[in-house]
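I'd like to ask you about the structure that follows.
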Amino acid sequence: MSVGRMKRSNWFYFRTVIFYAFLLFLYGPIAVMGVLSFQGETGGLTFPMRGASVHWFADVFNPSYIGDFRWPWGRSVILALIIMFLTMTISFLAGLAFRKGFRGNTFFFYLVVASLIAPSILISLGIGRMFTSLEMQSAWWSGALGAHLTWTLPFGVLIMLAIFSRFDPRTEEAARDLGATTWQTLKSVIIPITLPGLVGVALFGFTLSYDEYARTSQVSGEYNTLPLELVSVTGTASTPALYAIGTMTTIFSLLVIGISFLSLFIIQKRRSGASIGIKES
Amino acid sequence: MSVSKRKKTNSVSRRTVLKGTAAAAGVGAAATLGGFPTVWAQDLKDITIRQLGLAVSNMDPFAKMATDALGFTVEQTAVDLGTVGNRGITQPKSFDLLEPAYMQFKFVWPTGNFQPVDVNRLSEWDKVSGIYKESGKGWDDAWLGDGQRPNSVMYVDGAGSDFKAPGSTDQVAAMPILHNADTLGIRPDEIGRPISSWGELLNDEFNGKTALVGFPAIGGMDAAMALEALGLVSYADKGNMTKAEIDATFKQLIEWKKKGHFRALWTTFNESVNLMLSGEVVIQSMWSPAVTAVRAKGIPCVYQDLKEGYRSWSLALMIPKHVEGKKLDATYDYLNWYLSGPAGAFFAKQGYYVVTPENTKKELSPEEWDFWYEGKAAATEIRDPFGNLLEKAGAIRDGGSYKNRMGRVAVWNSVMAENEYLTEKWNEFVAS
Amino acid sequence: MAHLFEKIQRYSTALQMTPLGIALLLFLIGPIIVILITSFWKFNGFLTIPDFTVRNYVKLFTSGLTLDNYLETIRIAAIVWITTTVLGFIIAYYLVFDVLSLKAKMLLFLLCVVPFWTSGVIRMIAWIPFLGKEGVINRVLMSIGITDEPLEFLLFSEFAVILSYVHVFTLFMVAPLFNTMARIDPALIEAARDNGAKGWQILLHVIIPLCKPGIAIGTIFVLSLTLSDFTAVRLLSGANVGTVALSISNQIGSYNFAYSSANSLFLLIVLLLIVGGIMRLVDVRKQL
């Protein structure tokens, strides 16, 4: 990129310093969490460290009065996976429709934006009261699922819109001119080209759902999701087990992300050379 | 039939007796046999009771203890107090037993989501503290306390009914289980002089080093205790303030806040512990187990006995309407077990009281009883229910004896008639 | 499958939009209608009772608290917005123009994203050991002699809340800005330079105008996140800061569903107006 070739001014160093300072700022609390999760057995949630141990990691798997995290964790992972799948599918389909354009597409676009900006507490209260008024029981797989969708779908749809807006329609036309059916076009042209975007949608969907608290707060029903359990425990347990959970869930997320990127990388590798129509990701 | 033995003269309606006959006979038999589980438990073993309450009294070891004793499964889920009420109001089917505080009864009970508890089916009812009976006192010279006494929001006749005069019916909205008295927690090492009055909460000496509990009604009452002690505001009833009293209280609070007097308002147990542990505050509203938690980290902290008395609270178990048949029988078995002693010992060792002290005494060693209830110096090491050392021999419990705490209740945790107004003023206080 | 697909094709657009439509109808429009209805109900101090009263709205628009809450919220949002925009711009600029290799760009961007895989709640709580009176920052400041007394404004204050917002929300500004900046044709900048434009002139007259859509999208993210949050306020302000969302959450906490409905509906309207205004200024959709 030619801009990069310009003389490195003081401003360049200023920006570099800002960027790395920001990274430091981003990682600060996480580093504290990581360090404090190795707090000694008599230590608390804040500094100073009273020795070092892996006691609190063991504590997570030996539930006594801090509650059992394993089930909420499992629920959150399952919910996040369902949300990921739904968000990908729904956003992809909506993306196809938006691309063609249809009557009322502006209305739908604004609806999606409204869903993005709707205050989390309104969604949570509203879904909760809707279930109450229908005399139904909200649960993490029903009410909370819906609440999460209102949050992940806008991101999914907006990303798909961005992807499709850079998608060169001529690629598709070419495929059709060569006699491909719609199904074939979709399978062999559209999906492969939009795949990086779809993976992005999936990652967004998973992360936003996995860590969602405010929208879930009124609608999780009988059983807590992990963020709810964590908030509940932050209120009652004053032990570094909390940080140990934080550290472990972070490592878990990194594994998930790592695996997704790796698989994406492998897919891309296999397809190398078939880079058609996509301008820039 | 054993039920008639415990029946107070002519106080059981015919309907109640008929309805409750079969089950009551079983429970009655169990009570007569004096032990749990009974033969009935075998029918009940597939039953699971899902209890929803606070973390102080809902934890895996306790649920396991109940399950082992009863032969059916007791599951406990811990949430914060606000959620307990919210779930009771909006999702009554998401649990089989709710554990609200008495101060929430006026929100939860009138929804009609709950069925009354029939006291004739409670084997230990006659041993329940007088606080929950007609007199409203555990013993004669005990203080009655301002505000919403538990017995004033207890007696009912039918689901969702109005609250009746204490002791006038055989049905209660919920069965009382636990109570304790709250006061100020202090860091004696940082303060370095004796503290004896609630007024110290508003002492310039502790500017920026105090905290208040962040629930509007409770925080308001703690502030009222301090303001009254200083003679700045006087109250007819601190637990049921008039609009003028609320105005006067918050006018003062906002002035103090503007001076930077309050470091924080805490809403969870853990926040109060961390405020003390990390040296953020030296004097604040506090719960007794929180003081214990601070001390467990090696930081000196005292649950300070104050001359104006205590602010008390109580928890109870409320049965939602959907519980019926065998599940209801099992629920009553659990309620009866709760008051029968083992639970009392379990909670006594964490610093609060099950409402049947006589039964608790049976399950504690004499040394433990003397320490926890009589306020005497520990004759042996004092351990919590999990075996952790709490106090060495010779230690004396702060707050003194059971009688000193529960006999000197200055005010009960309450929801006032002017609750909405108070909440609004509280939000102004927060925003100021 | 293929045959079925051809058949479906005829109604394709409607079918493709159906899942999104159902999801938003059930979980966005449905709840908003329920909230609208509830906002006309009555709260008797203890129970929320079906009714038709405008009392909640009268209270909302006459209470001094509403104004205080909104002023406080808007002030915080403004500070957060300015900070995240400036920071986000510099970071995006660095990633797009200063970092040359694509791999390095991706790696650095990923580094910015990784902290988001940690629980948000724990990330917020982890600020407490940093900012407290005996926290990391105060210890450092005191040990190097910058201050003798611990700085109290760091924790349980508006500062702590703003800091945690900037911490979490900056990335929501970086991502769209990165996206728009990456699409700026370098030839444009080259041309401007050839015509004698100085660095700041290029920034002001070429780059910033071209970044408007990115800033607009980032602003929508940051503002809606800031205005809806009550968790950070609760955990880090020591309840010393009164924002709109916290007030609503407190009203739900005292079971006043009627008033909290009216209040949250009004917040939604305020947000819609702000975002509508932004979208009127910048055609966000066209720029996606």
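Each chain carries a letter (A, B and C) given by its place in the written order, and its residues are counted from 1.
In this text, contacts are C-beta pairs under 8 Å (C-beta built on N, C-alpha and C of every residue); 3 or more make two chains touch, one makes a residue touch a chain.
The shown structure was predicted, so the numbers you read here are calculated from the model rather than taken from an experiment.
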item: Higher-contact pair (C-beta pairs counted), A-C versus B-C; value: A-C
item: Reference chain A; chain at largest CA-centroid distance; value: B
item: Chain centre separation (chain B, chain C; CA means) in Å; value: 40
item: Inter-centroid spacing, chain C versus chain A (mean Cα positions, whole Å); value: 16
item: Contacts with 2+ other chains: residues of chain A; value: 45-46, 129, 218, 234
item: Multi-partner residues of chain B (each touching 2 or more other chains); value: 86, 267, 274, 278
item: Per-residue overlap in chain C, given as positions that touch at least 2 other chains; value: 128-129, 132, 134-135, 252
item: Touch list for chain A against partner chain C, complex; value: 1-4, 6, 9, 11-12, 15-16, 18-19, 22-23, 25-30, 32-33, 36, 45-47, 86, 89-91, 93-94, 96-97, 100, 102, 108-109, 111-123, 125-127, 129-130, 133, 146-147, 149-150, 153, 157-158, 161-162, 165, 181-184, 186, 207, 211, 213-214, 218, 226-227, 230-231, 234, 242-243, 245-246, 249-250, 253-254, 256-257, 280
item: Chain A contact footprint on chain C (complex, rising order); value: 1-2, 5-6, 9, 12-17, 19-21, 23-24, 26-32, 34-35, 38, 87, 90-91, 93-95, 97-98, 100, 108, 111-112, 114-123, 125-130, 132, 134-136, 139, 167, 170, 179, 182-183, 186-187, 189-190, 193, 199, 220-221, 223-224, 227-231, 235, 245, 248-249, 252, 257, 260-261, 264-265, 267-268, 271-272, 275, 279, 285, 288
item: Residues of chain B that touch chain A when the two form their complex; value: 50, 55-56, 59-61, 77-80, 83, 86, 90-91, 93-95, 267-271, 273-274, 277-278, 293, 296-298, 386
item: Contacting residues of chain A [partner chain B, same complex]; value: 42-46, 63-65, 67-68, 128-129, 131-132, 137-138, 218, 221-224, 232, 234-238
item: Residue numbers on chain C that touch chain B, as the complex places them; value: 43, 45-47, 63-65, 68-69, 72, 128-129, 132-135, 152, 155-156, 234, 238-242, 246-247, 250-256
